[in-house]
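Chain nomenclature is as follows: A, B, C and D, assigned in order of appearance, with residue numbering initiated at 1 for each chain independently.
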Amino acid sequence: MISLIFITIGILFNLLGCIGIIRLPDTYNRLQAATKCVTLGCCSILLGVVFHFGFSDAGTKVLVAIPILFFASTVGAHALIRGTYHFGIKLGNKSVKDDYKDALK
Amino acid sequence: MKGMTLIVKKTTQLIGGMIFMYGIYVVAHGHLTPGGGFAGGVIIAGSFILITLAYGDDFLKLVGEKAGTTMVESFATIMVILIATSGFLFGTRIFFNNFLPKGVVGHLVSAGVLPLYNIFVGTEVAASIFIIFLSLIIFKEESSK
Amino acid sequence: MRYITMFILSLIFWLLLTFDLTVPNIIVGTVSSIICSLFFGRFFITNVYKLLQPRRYFWFVIYLFVFIWECIKANLDVAYRVLHPAMPIRPGIVKVKTTLKSDLAKMLLANSITMTPGTISVDIIDDNLYIHWIYIRSEDPEIYTGMITGAFEKYIKRIIE
Amino acid sequence: MSNYLNILLYIQIGISVVCMYRIIRGPTIPDRMVGADIFGILVVGICAIISIQTERSFILDIGIAWIILSFIGTLTLAKYLTGKKLNE
């Protein structure tokens, strides 16, 4: 029962991230919404699996998977946003400040 | 600064060993779960590709690695052929003869010679995929000069 | 020293992954851990003696709770911005100066910043972090430095340095 | 309980399909890469739910392997986007 609650919360966050990836106007902002919501959503689903299986082979396997998922998604987002900047995509027209431009010179 | 940023380098230090161990897990349990030699070999090659991407040629000297990896690949192929033909020595003449005791279904050491095939096929696949990656990199660096 | 730590960590990882304590499994795990520490020992972090000090684990547990709370806040923040019809965003890249010295601490700080409300770390150059922020709340460097790194910096300093 | 889990599984698959929209439609190359990265993370959720439904633990293996390969692919694509050679 408690695992179903965790999985429902996770899918709700995934849905929010998905709406964000469709609606937001700019590559950088899409990455913002998508990374946070989808990472927390999938971690929550995996926690639900831990509560369902208990302390068994599947449970410990999922406990190993959570740190890998966390590091993979955050480092992937960091590398993608840096690559996007170097590729030459400008910040959106609503943006107000850009300190990184001075640092590259 | 060679390679990618500091964040990627430090995370590679923490996670590279984990990815290698996971590849070995998939290879060693190849006769009990889905996966096996090919999938595990791809994951093992992935850990080396991750280090090469993150550090440049700080740790792995690219041209030297290419020679060493070729040797590992050839050795693994020869071992697979040797195990396959060694069934000739025991009884009937069957290629891929399973001559070792079978063991109990579901244990780690069971299924005769299948784990040995898995291990050497995994080594071979890891070496060849890593060598494809290295060849592409060396080709690009030489062609752009 | 680094090789021994790598060996122990990979053996723990193997036992968690397979979850059985029979003799063949432990033998296979030991052999593959030795191979792993031969290949990956030289990439591992330096200063491993810090792993033996128990108070760092205590601060790490407290840090986990703070981090999960910030994470949930981040998601509610993103949900508000996505579902609002007018989409109140005001993005930009700001520069933040950090006081942490070691490389591992900087990495942990950057990864934590990626999961907090509305921020993603873009790059690290020496002591400066460049951060993409979805809604810039103030123009003053003092104030936004406190808002971004203030929640984590003191815990990370106690955990790692 | 089983019905409810089925509905959740279909919602999760629907989310992944909507993510494909960004891969197909995205105006620039980095947009498509964001879509691919997020798709790789969502698949882990699908694997986890299927493993609860069928009570088998080996489906989780597929999920972990998928996230590792997706992570390496994302780093490679980001390296390509940066536009520099390996040693710069």
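In this text, a contact is a pair of C-beta atoms (placed from the backbone, for glycine too) under 8 Å apart; a residue touches a chain by one contact, two chains touch by 3 or more.
Quick caveat, the model's predicted, so the values are computed rather than measured.
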Counting C-beta pairs in contact for A-D and for A-B, the higher total belongs to A-D
Centre-to-centre distance between subunit D and subunit A (centres being mean Cα positions), rounded to whole Å | 11
Report the inter-chain centroid distance for subunit A and subunit B in whole angstrom, where each centroid is the mean of the CA atoms.
-> 30
Centre to centre, by mean C-alpha position, how many angstrom separate subunit B and subunit D?
-> 24
What whole-Å value do you get for the distance between subunit C and subunit D if each is reduced to the mean of its CA atoms?
-> 22
Residues of subunit D engaged with two or more neighbouring chains | 61, 64, 68, 75, 78-79, 82
On subunit C, where are the residues touching two or more other chains?
-> 13, 17-18, 110-111, 121, 123
Would you please write down the residue numbers of subunit B that are in contact with two or more other chains?
-> 4-5, 7-8, 11, 14, 18, 22
Okay, what are all the chain pairs that touch?
-> A-B, A-C, A-D, B-C, B-D
Under the touch definition given earlier, write down the residues of subunit C that touch subunit A in their complex.
-> 13, 16-20, 71-72, 74-75, 78-79, 81-83, 87, 89-95, 110-111, 114-115, 118, 120-123, 125, 128, 130, 132, 134, 136, 139
Residues on subunit B engaged by subunit A in the complex (per definition of touch) | 4-5, 7-8, 11, 14-15, 18
Would you mind writing out the residues of subunit A in touch with subunit C in their complex?
-> 13, 16-17, 19-20, 23-26, 28-29, 31-33, 35-37, 39-40, 56-57, 60-61, 63-64, 70-71, 74-75, 77-78, 81-82, 85, 91-92, 94-100, 103
Taking the complex as given, what residues does subunit D use to touch subunit A?
-> 1, 4-5, 8, 11-12, 15, 18-19, 21-22, 28-31, 33-35, 37-38, 41-42, 44-45, 48-49, 51-52, 57, 60-61, 63-64, 67-68, 70-71, 74-75, 77-84
Residue positions on subunit B within touch of subunit D in the complex are 2-4, 8, 19, 22, 26, 33-35, 39, 42-43, 46, 49-50, 52-54, 56-57, 137, 140-141, 144
